[in-house]
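Once you've had a glance at the structure underneath, I'll fire off some questions.
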Amino acid sequence: MRLTMYRVLETSTGKKRGMSLVFNVVLVTIITLNAVAIVLHTVESINRKHAVLFRDFEFFSVMFFTVEYLLRVWVSVENEKYRNPVWGRLRYMVSMSAIIDLLAIFPFYFSLFATDLAIVRILRIFRIFRLFRISRYSHAVRLIQRVVADRKEELVLSVMFILFMLIIVSSIMYYVEHPVQPRTFSSIPATMWWGVNAMATVGYGDIHPITPLGKLLAGIAAMMGIMLFALPTGILTSGFLEHLRLQKGARNYCPHCGKEI
Amino acid sequence: MRLTMYRVLETSTGKKRGMSLVFNVVLVTIITLNAVAIVLHTVESINRKHAVLFRDFEFFSVMFFTVEYLLRVWVSVENEKYRNPVWGRLRYMVSMSAIIDLLAIFPFYFSLFATDLAIVRILRIFRIFRLFRISRYSHAVRLIQRVVADRKEELVLSVMFILFMLIIVSSIMYYVEHPVQPRTFSSIPATMWWGVNAMATVGYGDIHPITPLGKLLAGIAAMMGIMLFALPTGILTSGFLEHLRLQKGARNYCPHCGKEI
Amino acid sequence: MRLTMYRVLETSTGKKRGMSLVFNVVLVTIITLNAVAIVLHTVESINRKHAVLFRDFEFFSVMFFTVEYLLRVWVSVENEKYRNPVWGRLRYMVSMSAIIDLLAIFPFYFSLFATDLAIVRILRIFRIFRLFRISRYSHAVRLIQRVVADRKEELVLSVMFILFMLIIVSSIMYYVEHPVQPRTFSSIPATMWWGVNAMATVGYGDIHPITPLGKLLAGIAAMMGIMLFALPTGILTSGFLEHLRLQKGARNYCPHCGKEI
Amino acid sequence: MRLTMYRVLETSTGKKRGMSLVFNVVLVTIITLNAVAIVLHTVESINRKHAVLFRDFEFFSVMFFTVEYLLRVWVSVENEKYRNPVWGRLRYMVSMSAIIDLLAIFPFYFSLFATDLAIVRILRIFRIFRLFRISRYSHAVRLIQRVVADRKEELVLSVMFILFMLIIVSSIMYYVEHPVQPRTFSSIPATMWWGVNAMATVGYGDIHPITPLGKLLAGIAAMMGIMLFALPTGILTSGFLEHLRLQKGARNYCPHCGKEI
């Protein structure tokens, strides 16, 4: 029976595939409804009308997630990786996936004793990650994961380089604009708020240079920003292409001699 | 005669190619003029001057489109897919293309009895899609269609991932900025308006964080947005490349027997 | 002597290469100075101080460009394409390059009789295109030209598709926002000003939706804009890759059998 | 002993690899702390509280960097390139890396005699480039460097082309908007501030056209900007792909003899 439950909860292929799909659809629906509830809960007018509904749904969700969590811990020993009844279960409980599940229910029990911690409620949204485990998208998820993992070094470097240029540009801008606009460009950290929005080409308009030199620098920063952000785009694209080639590379056979090429 | 009409209306190759081209140019011209009329119709000063012209052109367009629609239904049985005189025609009438054509003329007849429904007039613009059927662009349209269809899973996933990050970022931002700006960041849905414009780097400037923590989060969101939007770009580019390679793939040789494959 | 002059003026390789380079550097310098003069001329404080200098440089430039134009017409018959003394020269005079050269000097002579036409002075900047003919960059220019020419159909289609979506989105937005903001969203053309800035993620902040439905639509428009603008990026990238492969493809030889591959 | 010191200071592989790593971590930590200090130093409230700490850390950093600089000059002769005791050291001192190191400590000694030059303090941040020498990232750095070097011509051309279009668009916009908004679009250089932010899609909102013709031009400029900035993205991506293919190129076979090439 534990094996059956394991198949329903954790696998999306093989036996009990239908049951597993049904369970996953129910789970994803409840998680999505939770996300909707968390978002709508903050709209004053809606919250006032449906306060009881929100509280009841909150209670129901936490109960459902608690039972699910306990079941997952119970059946975890069916997994090759967590064979040992005690240590295996403990090792499952410190896995990324299990911690996210626990964080989603923990705040509720905590709030029974302490005051409400609004920010921890967001943790429940992270459970939406489960959505990506549905088999239909698992292929695409794995492709994206592998490409990002493969190009990790180049991507980290791009981000580091962007951060580095951000500090340089903001520092120079501070010394250029501070004497003229001492309140908006009050410090380098304040100027970095301008810097990040200039290089990412957001431009809210609450802070921008007014001196000719500052404007010249801002123009260079905007162009540089686009060039710098072209790096991760190029890196990701080349990664996608290589993976797609590898996938199809193994499947090519010569129609004349029949050998793999 | 029905076959001749079919060739003029529906095909852009083979016999009656010249007639078909002439008809398509006339059709596209009328559709384009309709788009122009719909757009200019809303400019007060132009509408006041040429009110009669707009009304007459509206009447003429609807008549033209009605005759065209009836003809298309009549000749549809010439198409392999809609052979049956009754069921074939009905099946043609529920095809995407025919529904759009009907929606373009329906509002006019409806408004004879009911009040004017301004928004449905926009449906007429959708007929501009016919523009893409002109043979000159049909190759490029098909290429783009195939690439998008081929990469559908990855593209849907990218959009889902962007939406997911949007909810997470907006939820956190709400709890950070709400206490300081209770009116602008009034709820999570209101904060999502900030979120989408920050991640897409639009930045209208009507809503932006003012706390240091909020600004840090906004900077991270802007960078993350660019990275996330690099995913669909990379996916589309790799898709284009693969399709172009398949088309020109004739240059591959087997390493074992040396023959072209 | 006409041949020598032709080599100096028109070719950047072969005999008289040194002379040609010197002449090109002088020409590009004068064109660049013209661009600087045209730009700085509009700064009130600079114009007042150096009014005489600007006028003299204007006169000198036009004289130089006039002599150069006449010489180019004179030597044009040395070119294979324009052999005939009369018709060849006339055909050269209606070539793109010659027309730009003429447009750069024409306004000056015209203004001796008529009033000053400020906007035509900009035509002189177009001569900066000559800059791209310097041999160092000619390879890169040709690469970019070929890629754009090769992908012309797809690029035109992308632009058409962007324009089409712009009309659709702006029309819907007009009917959503007009009742609430009748002055900013006064007509569909006015709303298209919002539309183009939303889809290109500029966001000046002078016009943006305030209704929830309008904000939802604006969010979709921003995301759609990024996706749509990813199309030309992907198309251009794939074009670059293919050309680079073709260039290198012809140069590959097998080290074992020596045959081209 | 000089050789040992050389290995610790300059190499990150071979003998003394462990020592070298420890030294590099210490160096990068001090440089990073310097960057943090330079940034936080400008925040009034923090500077007032920790003025002594900032001064002491400044003194310590300069001492550390001075000793490090002198050691590097001393051991530079161990490098193949700088064999000669006198000329080799001098040649090392005028290398890019050594000049940056000197510029990082020079301002301090200069300020003992002269007034404080705030802007030169930024030079110290440039030392953060040393961060990129840590072996973990050296592969990725070299890849990015090679790609940029390989596509230098095309990238320079793209930037030139963007600048050229910027001048053209701004000049036309000036003549269109100047009569209506003489204060914001006061001159072509002032209009170029609009131009760069429009083409890079920043859009601060402090300057934007209000005439219909100006708005049309701004819409075209925004679209053109995205297309133009797609060029460097495409160029970089194709560069990345080619380099990665060269690295993995071992999988190519000759179609004639079937051997690997």
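Going by the order they are written in, the chains are A, B, C and D; count residues from 1 in each one.
As a working rule, a residue touches a chain if its C-beta (ideal position, glycine included) is under 8 Å from a C-beta of that chain, and two chains touch if they have at least 3 such contacts.
Note that this is a predicted model, so its numbers are computed, not measured.
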item	value
When chain A is superposed on chain D by its C-alpha atoms, the rotation angle in degrees, nearest 5	90
Contact-pair overlap exceeding half with C-D, pair selected from A-C, A-D or B-D	A-D
Selected interface, B-C versus A-C, where C-beta contact pairs are more numerous	B-C
Fraction-based call for chain B against chain A, same above half, different below	different
Chain centre separation in whole Å, for chain C relative to chain B (CA means)	30
Centre-to-centre distance between chain C and chain A (centres being mean Cα positions), rounded to whole Å	42
Multi-partner residues of chain A (each touching 2 or more other chains)	189, 192, 201-205, 233, 237, 241, 261
Parts of chain A lying in touch with chain D, wherever the complex brings them together	153-154, 156-158, 160, 164, 167-168, 171-172, 174-175, 178, 186-189, 192, 198, 201-205, 208, 212, 215, 218-219, 222-223, 225-227, 230-231, 233-235, 237-238, 241-242, 249, 261
Chain D contact footprint on chain C (complex, rising order)	35, 38-44, 118-119, 122, 125-126, 128, 131-132, 136-137, 139-141, 143-144, 159, 162, 189, 192-193, 196-197, 200-206, 229, 232-233, 236-237, 239-241, 244, 252, 254-257, 259, 261
List of chain A residues in touch with chain C within their complex	201, 203-205, 233, 237
